[in-house]
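Let me begin by presenting the structure, written as structure tokens, before commenting on it.
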Amino acid sequence: MSVLLDAAVQAGPAVRSVPALVDFPFAEGYVTSVIAVSLYVSVAAVALSTLFGVPVAIAMGFADFLGKRFVKSVINTGMGFPSVVVGLLVLFAVSNRGPLGPLDLVFTREAMIVSQFVLATPPVTAISLAAITGVDDAVGDAARALGGTRVDTALVVIKEARYGIATAVLAGFGRAISEVGSVLIVGGNIVGSDGVSKTRTLTTAIQLEARQGRYGTAMALGAVLVTLVLLVNAVVVRLGDTGAVNR
Amino acid sequence: MIRLDGVSHAYGDDPVVEDVSLSVEPGEVVAVIGPSGVGKTTLLRLLALSVRPTAGTVTLDGRDAWALDDDERLAVRRRVGMVFQDASLFDATVERNVEYGLRIRRPWAERVRDQVRSVLGDDTIPEAVEEALDVVGLADALDQDARSLSGGEAQRVSFARALAYDPAYLLLDEPTSDLDPRNTGLIEAAVREARDRGIGVVVATHDMHQAERVADRVGVLLGDGFTEVGPAETVFETPADERTREFISGELVY
Amino acid sequence: MPIQRRDLLATLGAGAAAGLAGCVGLGGGREERPGVVGETLTLTTTTSTYDTGLLGEIHPDFEAMYGVTVDAVARGTGAALESARNGDSDVVMVHARGLEDEFMRDGYGVNRRDLMFNDFVIVGPAGDPAGIEGTDSATAALNAVADAEAPFVSRGDNSGTHAEELTLWEAAGTDPDGDWYRETGSGMGEALNIADQQGAYTLSDRGTFISQRSEVDLAVLVQGPIEGGPETLANPYGIMAVDPGVHENVDYDLAMAYIGWITSPETQEAISNYRVDGEQLFFPEAVSEDPDFQQYVPRGWSGNSTGE
């Protein structure tokens, strides 16, 4: 995981040129490190959400099991779960007094990953499921009629649903990187006295600026966040396009 | 030989086909004609081992398919190819579509290796894929996106997809009902080519002229079962059954 | 009086160091290297303290001295104390004596020290529709605002500043109620912006007001004790270690080292030297020839109390 962060920090020079266009009243490295933490936490959380949510969506799309409706309603409820509530629940879990207390996770990036995982998993799962169930039955029928096993059929349907699944992952990422409530609570919005972010993300940095009435810098950081989300979207869409033809 | 013996199938309490018997030899074309909604598609699905009969047996080359275990039935099932009324192509290139049947018949290790190769851009196109596309006149469409094809081209690719893995039997469900005359002609030519290769072909169609053009034998499906099965000439010229005669002469309107 | 104390401080020598600083700071040093090197101290504090930038200014000294990292987590006063109650922080720095006392009585905090103080000011539009400018009583000023039904913005977020405001209303004998009284549930900076836009009065800590006054069209109408205003507007900060008897995982050694360091004459001087816009924000009060024993215990505690 920390490899990701290192990579993000190393990508610093490229990123640094972005804030250089805006006059930030911050020490050098501050905005870069805040971006790095944002990306690290959200990418890691969404990667975990994808590893968990997409298989769940596949299982739900292809199999009938006891409690499926219940799982579905849990996911749908989870889509609208307020991030502050998730933050509080995760805080209770990772707090020294909570069940995960001995892991010493409170006010760490890992705790933020946990809360964003909880937030991103419902949309990733629900949108993936919608994409999978939205695939024309005829495609699965064709795969089976051509001699496909259940696994082959499932693979074909998943491939057909790949844009929808990519959308699901993007939606999860969008929710993760843009939420402020839970990361503020479980992460603590910490910056070291060397001016390098430890658990401060773009959203909590924006919140901090707004809290102090510095709306100008808050807006500038907001622009960085929006740019970042757009970039990630563009990259994923592009990957989807080049990967599509070959399947 | 693929054979239905006294086969019935019902969705719930509603029988779709009842007590149907039919056999298809390698190298012959059997047309199943009848009005829409009479159960032609269900009959093909029974032949394809996609649905399990509620009564009767489906026998393929002497083996009762539903008495076999799953692996054996898969092996039997894989000797059959099917083309649907709508082409139902996968969202991929023509080449990947046609190769599908070959691909899934290979062991997993090979499939994974091929997938990696194809991602790396190192694709070798199996000869069977090119041959099958050649039969439907689309040899130059290999790299096209399947979703960009016209309806007729898509249906021809769908035919090639089922032909590519050299099935013993080929089932076509209303393959030309949405097509223009030119594409219909190309599909019918491909059906003859398949027969010449020794494939047993079943064409379900509501187009009696098509049945006359391509079929060696014709089964007339009216109501819940066949009213008549026999050589095409006999069925069309001198049907023994009164309802068959009425249907063929257009007097029986559904 | 506070000003005199500040002047006194500046002349104090190193010899008057608080007893805690020396002995505990060395407590971890059984090996050749201090045993605390590489550890992380988690400090929960209030947003208004954090937002002044003081901690970022003084912490590098502590981190270099012990080879440790300080994670400063800014919260509302209530949340800062709650984190400490859960054992999620090692040391807590807040400015709400009543809540601090409760925290100690409940057994969560030990070794409290008075740290520093600044003050609150009542700010409002320069036009001053309620005519409170120059009033030398905070309660009288608030009552005038209430009588005039002039808009008043309340933090409404259970922060130390909010607690102070509620205490003042209670002392004034007025229950603020009506359209003119607006609870925002926001931080101090936002509350000042809202007051600015609505032409409203509000209670602010001096530090936040100074750091933001260039951006808002508000004026100080009632001064705090630093500028000769009423003592009721004093804003004293305290610091406490989380009780290792309740939470054995807390880094008590380091917490006490921190308390020792921040109450040492050197750091206290650094605090008094900290400037925003050329103005001093905090006035140290940890170092004294005549320590106030009440700083160590909940107010009103006597030897006969059970502490429960």
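Letters are used for the chains, namely A, B and C, taken in the order the chains are written, and counting of residues starts over at 1 for each.
Assume a contact is a pair of C-beta atoms (placed from the backbone, for glycine too) under 8 Å apart; a residue touches a chain by one contact, two chains touch by 3 or more.
These figures come from a predicted structure and were not determined experimentally.
Each chain gets a centre from its C-alpha atoms; the one nearest the centre of all protein C-alpha atoms is A.
On a Cα centroid basis, the chain most remote from chain B in this structure is C. For the pair chain B and chain C, the distance between C-alpha centroids works out to 82 Å.
Per-chain CA centroids place chain A at a distance of 37 Å from chain C. If each chain is reduced to the centroid of its CA atoms, chain A and chain B end up 46 Å from each other.
Among the residues of chain B, none is found touching two or more other chains.
The touching residues of chain A, counted against chain B in their complex, run 136, 138-139, 141-149, 152, 156, 159-160, 243-247.
Taken in their complex, chain B has these residues touching chain A: 48, 50, 74, 77-78, 80-82, 84, 86, 88-93, 96, 100-101, 104-105, 118-119, 145, 158, 161-162, 165. Residue ranges of chain C in contact with chain A, taken from their complex: 42, 47, 51, 55-56, 59-60, 63, 69-74, 83, 86-88, 186-190, 192-193, 208, 211-212, 215-216, 247, 249-250. Those residues of chain A that touch chain C in the shared complex are 95-98, 101, 104, 106-107, 188-195, 198, 208, 210-215.
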